[in-house]
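Please go over the structures that come below.
You will see subunit A twice below: alongside subunit B first, and alongside subunit C after that.
After this line comes the complex of A and B, so read on.
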């Protein structure tokens, strides 16, 4: 198994290199290229621009630029933001905790709701429960995230005032992940966690509604297919209880096709963060990404896209390994 | 002596979008302790549904079992049992082997786990005892180096070996009755023979009654005490094995026997497949269900009267309106088109 995992990781390295090349080239091809941030500045002369370009090695051949860029990325030097002049890694690391907090909680809650709902729906096929769930999933599935977020803010934040309408902390408290935040967190853990939880509710709902609908449908159909297999009939013919049959005989095979899906929804969630974070002004990478696009801040953009790609790759590996653990027919 | 299993007036239908599929239509039969009963019929004749109804494994809905039906196992009506009582019968008193050993074993559980789970459930064995018994069982069904194979998964076995595992699982709790639904259909001919030999040996060693279901009269020939032939959800002929082969009394059985290769067949006794298809189980014909395909039919009579199963000789019953034997000359028949027209006229509102 260890060998399989190592091999799987080794295979991913060329993929990652390929992705980095693509990301780099796409940025090169974008209108204005890496110099776009300076293109609109009327006070900058052509000579100044050329000097900057020369300084950054932008007058070298593209391939050479790529190699230089790749190795500096590899060393952990992801460049500095055109806008804030801070190192990109610093910017990303500052924003990562907020995004991870939102994504991981959303992710876990999503699986905890979607999988049992799908299984329940399948086991009670054609019952009232199943029909109600089916209708609900169709509604959830067709809900535009952006619109849902706004409705939630309007109803539960603006009108009912049950939850804050945005941000990750209350305005009076220290800013999340700032120098003063963690000491404050340690001193008032209950208040801090309570505040985080309250701020998380609406963004999480916004993020997961569509995914819960999709994943529970997926789980349902997989479980339905499994429950109609011959070996489930064999298990019934043994006199096992229905609960035992589901747990011991149906669950694992039914989860098999779902595993890949589960592992890949986390990076998908990260992608969905862009919309949700901007609705709720959640100080995470999604917001950072949007501001980097508006400012044509290429180093930040490249950094985020690259990180996301690496994430997807890692979760692909996790999916494959989990699959191999669950399914004894996979040989490694 | 009371038979081990007695099935009375078994009627099973399925509610489908296309209408009510009448899969089993008033089936009556019995099976004595230690006896081997063959149930033979074309695909779709209701053999599996009959066996699944006995085990109460049919999903209801869509299946509907008539309230008058009875499945008496040692005098107890299984159809009236509570679910938990029925679970004590399944796998313990009545066990089942299915057609496709490739799909009938759980692909993600070791065969050790799959065999021992019945032992733990019904025989209350602990892990150790169950493992020991599982090894014995695997040896009994002829799986080499049984100890080492307990931890293997089904995909590591060949088709024949998997069916042996299925058999080991089925006999693990010493069932009184073993229902084998086409246990050899999915296997190569040589493997088929081996599996049948195994069943014969086990029957001798364990004294289990066997209900052997097949669509192939050749398979049951050397194995069964009694045979009953099913057609369109009905039993159309039943007799001890020898008389059934020597002197079939129902045109469908005669057709079946003519359509299997026989070692003793002479040059002119060539294979004659039965023409046509089984009837639509939603709209069964009002008369003899075999009429459209019967070489001996007399349409005016056979289309209007349902032949009941009747004694034609001692212990030999057949469902045909006439006394037909292999020697009965096949009458001249009108061409199929004419038959079709006649049917149309009969069923049209004007007629």
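After this line comes the complex of A and C, so read on.
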């Protein structure tokens, strides 16, 4: 097992290097190159620009720049933002809690809805419930997420005023994760949690609709496959109650592929972060990323892409390993 | 669609079907067989009709609906008008007819998404066949490259690559960038970028089909007859991978429509004066306070309809093109 995990991790290293190269080349080849942020400043002379380029080693050969850059990324030196002059790692760490709060809550709720729906759909195959759910999953799966977010904001925030239209805290409360936030949180825990919950509702719905549709379909087909196996028929022939059959005999094998799928969908959720955060002005990494694009703030952009890619690779490994652990048929 | 009605005479045997000793059979062409299976998939037929209508809107609509161009003279009178007979989908904050935005956006959105899909399918098919056919180190290298693209957060990298869509800052740092120029850049480069980032899914699929096809006898016999690698790959193997690529390609178009719409909505995709469905509803949420829901609703609703139709078609194609589903 250990050998399998080590091999799996070793395979991921060239992929991570490849990702860093891809991202680096996008920065190099895009108009203006890494210096694009300064190209827009009319008060800067060509000499000043050349001096910056020289200072940063941007006049060296591209490959040499890449190697230098890669090793400093590796050492944890991700540079400073062109805009705020703060270290990129600090900027990202400040924004990470908001993103994680949104992602993890959405992730749990998504599974709590998708799995029962899929099982229900499979057990009542071709019934009216199944057909309605099938049509709904098609619609959910085809949903342009950002548009759904807009419609939710219009209906439930702008019109009905049930939920706030965006942000993570009320304007009069301390900003989320700021120096004053946590003392305030400790002083009024109920108000703070209530406010967070109210701000979470619409972003979470936006974030999970597509995934719930996809995951419930996946659960449905996995359940259908198991329920048609011979041993289930045997269990029925023995006169076991349908509920017992479903819970004890069918559910566990049907959940096997689903567990892998669950690990694989977390990265997809991270991708959805940029969409949801931009619609709801949720102060997480996605919003930070979007604000850094216009400014051509490459250190921030690259740092975020790099971190997310690493996340994705780690979850791919976790998916492979859990699958190997829980499925006794797999020999590694 | 029935190709021909053939008469097969069976001279030696006793007449079975009619007095003349002939059995009438109908030869069904492959296409007809496909159509019979496709027709059975109700949602696919519905999707096809819906998609056909959307194509008609994209092709003919611009001859009926005037192009949405900001007119400073009438802008304030026409601002934020709710849906009416004159403007069925209402108008936006700039006094533009939302129906016009939808109709003109359909052209760009569909064109771009299909083009990006073609790029992804072309690159993915070639790499997939080469990778599966040669195996060994070629396969290992190509598939690691595919892994790189598959492990990258797509939307983030697309946004990063949107830097290509901006014009290079002119030497000396100041001056405005040509508007026409940047919209032309966006319509050419954006589908290329999307295609070049999404090919690995196709490549993986094609590779797996190639791996099984290359083991079959007709490939061995072609090789025995002295066919070169290139000929085997693109004459013998390629026809076998087309069906799955068609299915995947269909679904990719739907995915591209949503991707493009989001990028353009943020302002990092198609650049105005060209208009896609994404640019059509950019900034629309700012008018929610004025009660304007139609501006955001209609372009997005058309995105949903299109993607839904495409997903139905893709599912129907999958069922109809897979010979194992033959009933």
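The definition used in the following text is that the second predicted complex is superposed on the first by the 314 of 332 C-alpha atoms of A that agree within 3 Å, B and C clash if a C-alpha of one lies under 4 Å from a C-alpha of the other, contacts with A are read in each partner's own complex, and residues count from 1 in each chain.
Just so we're on the same page, a residue touches a chain if its C-beta (ideal position, glycine included) is under 8 Å from a C-beta of that chain, and two chains touch if they have at least 3 such contacts.
Note that the structure is predicted; figures quoted are calculated from it, not measured.
Of the two partner chains placed around the shared chain by superposition, subunit B is the only one that A:327 touches, whereas subunit C remains out of contact. Contacts of A:249 after superposition: subunit B is touched, whereas subunit C is not reached.
Of the two partner chains, neither subunit B nor subunit C is touched by A:122. A count of residues in subunit A touched by subunit B and by subunit C gives the higher number to C.
In the superposed model, A:238 lies in contact with subunit B only, and not with subunit C. Using the contact criterion defined above for the overlaid structures, shared-chain residue A:230 touches subunit B, although it does not reach subunit C. Touching of subunit A by both subunit B and subunit C, each in its own complex, is seen for no residue at all. Of all residues in subunit C, those touching subunit A in their complex are 43, 144-145, 147-149, 151-157, 159-164, 166-169, 171-174, 254, 257-258, 261-262, 265-266, 268, 281, 284-285, 288-289, 293, 296-297, 300-301, 303-304, 307-308, 310-312. Of all the residues in subunit B, the ones that touch subunit A in their complex are 55, 57, 87-92, 95-96, 98, 100, 103-110, 117-118, 121-122, 153, 155, 166, 169. On the subunit A side of its complex with subunit C, the touching residues are 14-15, 18-19, 22-23, 26-27, 29-32, 36, 38-44, 46, 49, 138-139, 141-147, 150-151, 153-154, 158, 165, 267, 270-271, 274-275, 278-279, 289-290, 293, 296, 301-302, 304-305, 308-309, 312-313, 316. Residues of subunit A touching subunit B in their complex: 229-231, 233-241, 248-249, 252-253, 256, 326-329.
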